[in-house]
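Heads up: the structure comes next, in structure tokens.
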Amino acid sequence: MLRFLLGRLANGAIVMVLVSMLSFSLFNFIGDPVSNLVGETATVNERDAMRRSLGLDQPLPVQYLKFVGRAVQGEFGVSYRNIEPVSRVIASRLPATLELSLIAAILALGVGIPMGVYAGLKPRSLGTRILQVVSLIGISVPSFVTGIILILIFSIYLNWLPSFGRGDTVMLGAWSTGLLTASGWKSLVMPAITLALFQLTLFMRLTRTQMMEVLRSEYIKFARARGLRERSINFRHALRNTLIPIITVAGLQLGSMIAFSIITETVFQWPGLGLLIIQAISFGDVPVIAAYLLLIALLFVLINMVVDLLYFAVDPRLRAQR
Amino acid sequence: ASFTWSSNLDALSMDPHSTNNSFTNAFVSNIYESLVRFNEKLEIEPALATSWKLVSPTVWRYTLRQGVKFHNGESFGADDVVFSWQRVNTPGSLVKGNLSDLKDVRKVDAYTVEVETNSPLPTLNNELVQLLIMNKGWSEQNRAVEASDLGHQKENFANRNANGTGPFKLVSREVDTRTVLAANTGWWDKPKHNLTQVMFTPIKSDATRTSSLISGGIDASISVPLQDVPRLKSVPTLEVVQGPELRTIFMGMDQSRDELLYSDVKGKNPFKDLRVRKAVYQAIDVEALKRSVMRGASWPAGNLLSPYLHGSPVALNKRLLPFNPEASKALLKEAGYPNGFTVGMQCPNDRYVYDEALCLAMSSMLAKVGIKTNLMIEPTVKWSVRLNAADVSLYMVGHAGLPMADVYGLLKDVVATRTGKEGSLNAGKYSNPKFDAYMPRIASEIDPAKRARLIEEAVAIERDDVSHIPLHQQPVTWAARKGIALSQAPDNQMRLWLVHVNGK
Amino acid sequence: MMLTLRRWRESDLAWSLGRSPEAWISALVLLLYLAMALLAPLLAPQNPFDVAALDLLDARLPPAWTEGGQLKYLFGTDGQGRDMVSVMLYGLRVSLLVGVASTLLSLVVGVTLGLIAGYAGGRIDNIIMRAADVQLSFPAILVALLIDGLSRTVLPRAVHEQLSLLIVVVAIALANWVQYARTVRGVTMIEKDKDYVNAVRLIGMGRARILFRHVLPNILSPVLVIATLSIGLAVLTEATLSFLGLGVPATSPSLGTLIRLGNEVLFSGEWWITVLPGLLLIGLVLSVNLFGDWLRDALNPRLK
Amino acid sequence: MTTSNAYSAAAPLLSVRGLRVQIPTRHGALTALDDVSFDIARGEILGFVGESGAGKSLTGMAVLGLLDAPAHIAAGEIIFDGQPIHQLPAAQMRKLRGRRIGAIFQDPLLSLNPLLTVGYQLTETMRTHLPLSAEEARLRAIEWLRQVGIPSPTERVDAYPHQFSGGMRQRIVIALALCAEPDLVIADEPTTALDVSVQAQVLELLRTQCRERGTAVLLVTHDMGVISENADRVAVMYAGHIAETGPVGQIVNRPRHPYTRGLMGSIPPVDQDVQWLQQIDGAMPRLSARPTGCPFHPRCKHATEQCVTTRPLPHPEGVALVACWHPQQGPAMAGVAEVAA
Amino acid sequence: MSVPYLSVKSLSREFKAQGRTVRAVDNVSFEIPVGTTFSLVGESGCGKTTLARVIAGLDKPSAGSMLFGAPLDGRVHRTQMIFQDPYASLNPRWRVGDAIAEPITFQNLRPRPTVAGRVEELLTRVGLAAADTAKFPHEFSGGQRQRVSIARALAGEPSFLVCDEPTSALDVSVQAQILNLLKRLEKEEGLTSLFISHNLAVVRFVSSMIGVMYLGRLVEVAPTAELFAAPRHPYTQLLLDAIPRIGQGRRTVSLPAGELPSPLAPPPGCTFHPRCPAAMDICRREAPALRTLDNGVSVACHAVGSGGQPVRFMPGAAHPASSFSLS
């Protein structure tokens, strides 16, 4: 078990190094932050001075080594756009994204799995067919359109929900949370739905297929043959066994929800990492982009580890082996 | 009254010297003040200085206002002015460039300072607007005596805290979320506003910003997408205010390379031929652009300078040549391109109002006279790299003449021959020595009438040369709840001290 | 050929297709879409690429059946005065091209790597799977940026501009190869130990040949399922990229760019610019997914 | 065991009459079982043999009411303890399963839910059917594990299925089938997945446990040896029909039906050397291509015109029921037939 | 005696699994004379398949050697194998005809134009019809597939055939067809084979020599008749007793308790000792070596006397037709 975790960590470290290299090589392709810094009317001399001052005139490997040297100390420099330490910028944005992704994930899992269970139990029923078609529409509409449509309905016509922002937040230590205020929750509704919609459909479909497969398995048949109650068969025996593949996908999806919150956060002006990164990209805020990429890679590494641990919790077969 | 407003951008920093970003400068001007300020008509009016006079051709003496207090209660005086000048000259400061004609700022006595310039400078006050005054004591206390230096990975206290003399105090700031200001009750000026608290929330997405206006989430927006104007006008509780911006949009052409980039013309550069430039000029229907792309909201330009800029030669603000595709074709034929030619067209897609759509429309217009365009539309970060590297052939660019609001800056950046110090936006490298000879004279001519004549002569040269093809002044479009009096100016700056909220 | 046709008609797949109305309706819709995309130059009243033919005065005309509409423009025109019917047909063409091409590309890359990883195992497997991990931590948008930038530095200037479509395809493909690689790797690891592979090893056949002649055909059905579903996803990704200003250029309209441009004018009442291409896109993605869904169930022997 | 129904105590526990199971496909309905009739008395072990695909499992599943859709009972009746159960509503059938009719499936590894402890699976089964408290059920579960020969059952009751060997797992499956004390157990190839030495142990366990409780067993297998050593009576299936039913001694030593004879003859003997094995040429017909008349006639060397046209119904031949127009006499000996080279 | 076609010497095969080493095949030696069938028996997991794979060349031995002697008629040495699972041994996407033709065309055994004819010939050989070439595996029953596998193996013109439980998945009537076919091939083509099964009755029918495996080791090797007449090793005796017999009625089985120990943690000494009624002290400490007795029998057991007289170790099974008493 410990050996396994260490192996995982080593793998994670390799991934991180590769990501750091890739993200660094990304810098040169993003565009030039200098214009945004000195202003577009700045003279050629002013530009050159700025480029030199940022070290952008040095050869790429030198820049990379400097970057790594700082990164291992948890230093990512200062954001060009906000002139704040990158670590603080990221730390201040992380809670918003994590809360949004978490709620969206809960929504996706909490609604998607039951819907999938229903569809798996009654694969031929009218309800299932409707559910499947309707849910597919959910993944056929680009999320920026979904967001606007939600705003049109709930902000403009009904005027129930705020169309942007995070509402009031409360500081819990260094963590700013919107989950303790009414306006925070109201602000969360639409972004969470927008972000969750795609994953919700995904989980529903996944659960349905898995459920259908498990229900055909020999041990379910044997449970039937023992006259166990339907409810126990469906939920205790079948659902549990469908959880294993769902956990894998859920882990990956949580990761990509965090990574893909870009669109949702832009549409709803949600002050999280997605909004940060999109603005960093359009500004050419290289230090922020690099740190963001590393953070996402780290998240994926961590999530993969948690997924593995969850396997152990769910599947006794794995527990015995290690 | 409290007031919530929005824009598509956020201020980058609260430090008045660490960035050179027009929105940031405008935002911070509600907190920090300079010796003089622009009013809503872009006229210079006294602020922290009450009067000034010329003591020698290059030295001006400013009498400072007495009894002014910073937000933290400290008194304002000559030391603060000198300190701010010094701070502007620290390595991290990015406003330095805007004040490059100043040589020194000296203290004469507690309430008098002298400003020395490199040469006689008729636009000194326009430049001084950029020298926002910080408090010496506060800066020293909080280790903010230097502007943030990105090169050395330094941040300073003034980035997220502010202590100015202006009409509003900074209460709190969350980047990209909200910045809260409160009225400075001890402000030296008699407030025209009736605001107590101001909340600024940037909203990047156009549709979301418009929705928030409609649903009442915000009181005002200073970046209203043109296409949403009819919708907003149809909301009974909202009002839309529109006016021309200082910024003129124009097309530049590569006039220096011997062979045009991204073109099928080999071995020569058609844009070096005035006839070709005129042909392009006459192929573009600015009225159609106004009607169909700009939804009626643009002011077709006769030259590169907005009539609202100080010193603008208003007489020259009419089109040089009419829209005439036939004439255009004839010119092309005359120049040796009977079948036209292909050329790359470089445009930003997130910089100006409808920049991308304008280019698409022009591409169609040019096609009609035989000029096929190879559209290269990019986000600003990339497009600006192209401009700097002069990696362009037929390109869109714009200039507002800010921060000085004077014609000189625009001419220097756009028309003057590109050198290390001038012609920074002259990516097509237009160069006319006759024009260049006018530049130092315009810069130092103190007499307004003489200066106006010089400007008119210089602009005529450039205009007849078709150095660029002016398109239009783009609109400033604001919207607000009815009953809120905003004072819109062509520099698109929200002057909170002029906002008045009725009722409540 | 005849034999394959007959086999198909008699196969379980054909039978199950006939029994699922969603499946055959979506198959029909897909065929229709395909025809529209392929025949766009013949069907479209206007060639949106011929910029000289556009008239700015005709910009933003509403659909023919509404007030102010012209019969010439059945679905109205967009902001550049392009006929909506034509741009939608061509947009469908571009979107389908992006969807299919990027899916094919990611399929080829993913399947090849997955086969190699699954068959070789050990260190090679490890390297490929690490690469997959790295890939997973890069959202498609960033991949698109990277590819875009890379192609700018590597390719000659003029070439790059014409390749933006290809770049989008490559970016989406790169973001998607992992799922093929993972699936194929898993299946390959199972298939390679099956006795039919051992039987050909006994006659001395080489690895590559075994992989492509024997193993590959047997992993195609899960791959096929992923592929159908990811065509829809790729079309959406392209739309999203174009929302962020990274997609195909506005001059070669895709459904994504049309929706993105139309989305901006949704409030001004020019609904047709976004709603019509939006419906077309939803129809496309929906039918691709419904078809893929059915294919998944039909090809899954365990669900039969 | 008390029986208070219209039938006498001597009436069979299970009586299957004219059972027909059909599977609708796109080419029309396939008849997988046709006119299958047999009885099982209380405490009796009835062996079910036949070629793979003959319909043995399907019969068992039909009795359990667990036919996989779209397979369904098209005709005939199944009477359990005097009560027709082939049309019982799902809820009542559920109460019957486990409680009155238990089941054992072929693969012990697949039959147990891998994520639940064996103790849980046992107690859940018992508590579903019997009024037991949690502790009582647990004690009984431990007792059951002991009875089926799991060493140190107190500790292993909380173990997961993968922690047991194949033979132990199959014993747990037996415990699960018996723990609610059913009257009939349907054992579908309970030992096919096991080694010979383990198979002997498991079969003996099943036999003892059932004898002690008077539980009847429907033992499905295709291993004649297993039948021969364990069953009281045997039913031989061929292509969805019952070819022959009778006491085990009769079927094994003096089979009448040519198919049974062929089957017996093709078993390689352990105790003697033979040159060639007797073989039934051809293959069992596919479901979709059942021949007319006697389903065995294409492979039968005694087939006549009558066999092709008319299907023989089971009729008594000695103590057995044989469905054949030309029942054979005499012992069927392995290895006697010479193969035509 | 006859020339050995194959001599296996001290062959071992280890696997690393979960950080531990499994000796699936442990120091196995035997010989197969030309033109005969050698059988391996033993319970599931004892290493039969592993050994077969190594001998067929699908897997590398960890230690030991195999030597293939030159066949008498000078044919090239070619191995083919028939696998246990008829469902997995044919590529489901390939037509049967193509699958059979592949070994011929790939190894260039016949001129191209004659290949089709050869395939049809092979199919008729194994009792299928020439028309079956165009069918896919799923159109065949298990027994028919196994015959296709045999046809494919024969197409490779093997001089040596490895059969890994070729009939375990089939029922007896199909099994009889296959076994007869294999036997005919041996008689007619002089094929040398290694035959693997856990069914002693099957093995008795096909082979002339039998090796009994237990947990990776050979515990007894004997000519078929000798093995059945007088099994020496207690495990062989157990196996023979466990086979259910036909026609002898119900029996009382008093087989020793205990199941196969895990190959991950084999018992020390003789691996069979935990189940052996004759286990002595030495059995717990020392693994017995395979000793050759005078009548061609080899056995690895401490308890078997040096003279090799058969001793009955197992309590055995009584077969009274009438009574049944429960143990």
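As written, the chains take the letters A, B, C, D and E, and residue 1 is the first residue of each chain.
Operating definition for what follows: a contact is a pair of C-beta atoms (placed from the backbone, for glycine too) under 8 Å apart; a residue touches a chain by one contact, two chains touch by 3 or more.
Just so it is clear, the structure is predicted and the values come from calculations on it, not from any experiment.
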Min route length, chain touch network, chain B to chain E, equals 2
Which chain has its C-alpha centroid at the greatest distance from the C-alpha centroid of chain E? B
Using Cα averages as centroids, what's the distance between chain A and chain C in whole Å? 23
Calculate how many whole Å lie between the centre of chain C and the centre of chain E, each centre taken as the average of the chain's C-alpha atoms. 52
Take the average of all CA coordinates in chain D, do the same for chain E, and state the distance between these two points in whole angstrom. 30
Distance between the CA centroids of chain B and chain D (whole Å) is 90
Got the chain E residues that touch at least 2 other chains? none
Where in chain A do residues touch two or more other chains at once? 30, 148, 152, 216, 278, 281
Touching two or more other chains in chain B are residues 207, 211, 350, 379
Per the touch rule above, chain A residues touching chain C in the complex are 11, 14-15, 18-19, 22, 25-26, 28-30, 129, 132-133, 136-137, 139-145, 148, 152, 205, 209, 212-213, 216, 252, 255-256, 259-260, 262-263, 278, 281, 293, 296-297, 299-301, 304
Footprint of chain C on chain B - complex, ascending: 206-207, 210-211, 225, 227-231, 261-262, 285, 288-289, 291-293, 344, 349-350, 356-357, 360-361, 363-365, 367-368, 373-377, 379, 391
Chain A-facing residues of chain B, complex: 12-13, 15, 18-22, 91, 94, 97, 148-151, 153-155, 159-160, 174-178, 201-205, 207-209, 211-212, 214-217, 350, 379-382, 384-385, 387-388, 399, 409, 413, 418-422, 424-425
Spell out the residues on chain D that touch chain E in their complex, using ranges where they run on. 51-53, 149, 165-168, 195-201, 203-204, 208, 211, 222-226, 228-230, 248-249, 252-253, 262-271, 273-274, 276-281, 283-284, 286, 339, 341
Complex contacts: residues of chain E adjacent to chain D: 43-44, 127, 141-144, 170-177, 179-180, 183-184, 198-202, 204-205, 224-225, 228, 238-240, 242-251, 253, 255, 257, 259-260, 321, 326-327
